[in-house]
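In the two complexes that follow, chain A is the common piece, with chain B as its partner first and chain C second.
Showing the complex of A and B:
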């Protein structure tokens, strides 16, 4: 599994996991798991549309992800955020159904986009992923404090001159970037698990924002690597391993936190 | 009331104005909420902003903060220019109404206070000794050292209120606004927070404007009051404002201020256009200051 043709896979998975782990922490702190679910699913039909127009699938993914951001941000401005997200998602899925019905050939590429594809990653894919990953991580670092404060409490952020609407747009943009990068590797159905499982586990264990961020990236990395290794050995889809390992990480994080708080209570009781 | 030269010649000194509101008008959803509200607040004053629900307390605070554009009039903060579109964060500390903090937030009390210091800045919150010292000082000033390293979402209501006050004050603004900070606290915690605010006003020389629908918990600590009704305000020392003739004038019909056994009861008779949806007498009472 460490053969030359797998090198690209390891490289891409590493970048994708780091970005998903970092962006995912904001997804969880912001309570935006539904948006993190809707954007990848809504972006996926973009690949079908691109196939129809004889464009690279990545272009379609990016275009549909941006449509998703615009829809959620524009419609969600009046507060009905869940409804806006759902409407955007069903519109994009509807477009995708149309595009898929218009393409006569059943594309293996589209199947791969749904469930993930770890083989056949070209050198150009690696370069693009590294460039997008660098942009995403730099943006997350730059926006870190305002984004964190606006995720903790929009009112507190507004009092410091941080406009909620603008932060929403930045957050969704970051989420779209992470989606477009992550989707080809783990598949549209499971981007969500890489964006939510690791940060949910990390925040159960780490009580500080930066520690939780790094831990989330670390857990995402461990899951991505383990999933690829297991997929290689077993020949099962990588998405299966990402999904189950993500859920397992969350359960382990919860368990560790519960165990720690029980120990703390016992220590208090013992001292009294 | 104000001596024009004071705020520039003696900016943090005795009697320096921290806030000056002049003929302020505000509209909310097409409805006029504030109709020419004027008052001033000196550094180190602890002022209650009293009014019933819908009297415009939150609108007034948000307008002072610059979150809502006034329909007319001016707001002047510290020795600075009148409020308007401005760059960067405003020099006002603010504790909003009902801040809901998720118990699972990976955020300690001290992290939230640090975000008050530099949450608007770009970049990662890397540790720095100067930052840590400022945060530690503020945590000590509000009596939050004991739970500084606990997750902020898991603290009690009173503890969270202390942390939010530290978050709002850590940049040492000349003015602190609090929107109904006592509404979700039990009487004991409310009394502790009011005492803390009284101390902070005196020690840090910050002017404090706290909104409440009940004047009761504030008496004894606050030294100024702004009474809001029908879009207008009556303001001044408590003993000069909480009087039958002043409040009758504000409400536009007869109001009695009763002093019974050292307590003050403000009784607004039903009728008129007093914003009282229930239609019965509004009683706002408390111990005389």
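Showing the complex of A and C:
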């Protein structure tokens, strides 16, 4: 499990988990789980399109992720956000169905893009992931206050001169960046579990935003490491473990929050 | 007249289209799925539950991949898993607006994890090559003829339940407060909508694939709501758009066998492309009147 060829996997997974944990907190606070699901899933056909045009897969992923951002923002401006997200997603996936059928890719490659691939990560992949991860975390730190403020209290944010529409674009852009770097490792369908499960659990337990952010990154890290270890031992897909552990973390967080509020009520009742 | 129609048909579609067994099954099952999804989808869009609809469809892929593993009918697999997911969403408390989005997301993540596992077993333990593509993107021309009666029964149950609950369902979707004031039980209608939604997405998943089922559910419905001034018109327009896109998509896919070397183009691509083209055309109409129905007008 700790052999030389697994070193790259551990390094990449660590960066991916930290970014997903931090960006995920914005997803949860803004209530944007659908966008967090749609961007990775819609970006995945980009890899097939890139193969068709003989470009590196990463370029295709980035291009489709940006198309997704543009579609959600543009269609959502005059209409319901969830409908805009759904329509953008199916359009990208429809293109994906075409590209996949034209490339005659092996279904193993499609499967890896959908559900993740922890082996065969090159040294170059590690460098790229570290660079993108640094950019994503720096952007998250810069956007931290205005983004949270515009999510929690749009009126207060507007009073401070923070434009709602621009913040939304920044948020989607950050999500796209996290998507592009996370997707090749945990797969398109499960980037989302890492983006939603840990912050949802953290938010149920921690009260203050900064504490929730760190807790979320910590839970994401624990889930990513455990998932890789379990996938290595069992040979089952890493995505299965990420999805299951993410749901378990959320259930545990909800349970802990319910238990604490019951104890608090009992304490109040006892004092009275 | 008949000769003219015949000539048009022959110019548009490759010869042998309507004589082919798989094409007829695809047209019957696909058309039925499109109509059921369009009708149910209008309620889904009005209720602002597009994400829940998409989540049910995605989670149903776990059932589809399990049925490949067991050699069972894919429709039964999709149905079982989408019903289970609907129950999971109700249990996770999606009815409360607070945290609804998150609960949906977590159920979706767990379901996709299962799908990953079953598809992995499909790939390693059976000879069902390409199960991932068939489950996710659909394989309309590979629907066995024996699926048609089951699909018809499922579709009729969904449409029958919707017709029976039409008024309370519509009222609670458009204005929950008004519905509650008139004595509509909101919990019961929400549950009923979740059940018919599960049936509809399972039908769509068999035809255009689990991750594209949302196209049939949301696309025609959102377009129909924009087009029509009255609810009945929205249902009719949505059903017409869904049915037209599906049948035209099947025709184009059959026709595309000669367009590029090797494969015909996938039906799902044409269906999605046509649905989106109609939607964008309707959106872009100059001087369109304000939407008569709420739901696709505000922030979602």
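Everything that follows uses one rule, which is that the second predicted complex is superposed on the first by the 269 of 272 C-alpha atoms of A that agree within 3 Å, B and C clash if a C-alpha of one lies under 4 Å from a C-alpha of the other, contacts with A are read in each partner's own complex, and residues count from 1 in each chain.
The rule is short, and it goes like this: contacts are C-beta pairs under 8 Å (C-beta built on N, C-alpha and C of every residue); 3 or more make two chains touch, one makes a residue touch a chain.
The structure presented is a predicted model; accordingly, all values stated were derived computationally and were not measured.
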Joint occupancy of chain A by chain B and chain C, clash or fit: fit
Superposed model, angle subtended at chain A by chain C and chain B (C-alpha, nearest 10 degrees): 90
Residues of chain A touched, compared between chain B and chain C (which is higher): C
Partner chain(s) touched by A:53 [first = chain B, second = chain C, both, neither]: neither
Chain B versus chain C as contact partner of A:111, first or second or both or neither: second
Partner chain(s) touched by A:211 [first = chain B, second = chain C, both, neither]: first
Touching partner for A:155 - first (chain B), second (chain C), both, neither: first
Which of chain B and chain C A:31 touches, first, second, both or neither: both
Touching partner for A:258 - first (chain B), second (chain C), both, neither: neither
Partner chain(s) touched by A:226 [first = chain B, second = chain C, both, neither]: neither
Smallest distance from any CA atom of chain C to any CA atom of chain B, in Å, after fitting: 6
Chain B and chain C footprints on chain A, overlapping residues: 31
Touching residues (chain side chain A, partner chain B) in the complex: 25, 29, 31, 141-146, 148-149, 152-153, 155-162, 202-204, 206-212
Interfacial residue positions of chain A with respect to chain C in the complex: 28, 31-34, 36-37, 41, 76, 78-87, 89-91, 93-98, 100-102, 104, 107-108, 110-111, 114-116, 187, 189-190, 192-193, 196-197, 200, 236-237, 239-244, 246-247, 250-251
Of all residues in chain B, those that touch chain A in their complex: 65, 67, 88-90, 92-94, 96-97, 99-102, 104-108, 111-112, 115-116, 118-125, 149-151, 164, 167-168
Footprint of chain A on chain C - complex, ascending: 45, 48-51, 53-54, 58, 101-102, 104-117, 119-120, 123, 129-133, 136-138, 209, 211-212, 214-215, 217-219, 222, 260, 262-263, 265-266, 268-269, 271-273, 275-276, 279, 283, 295-300
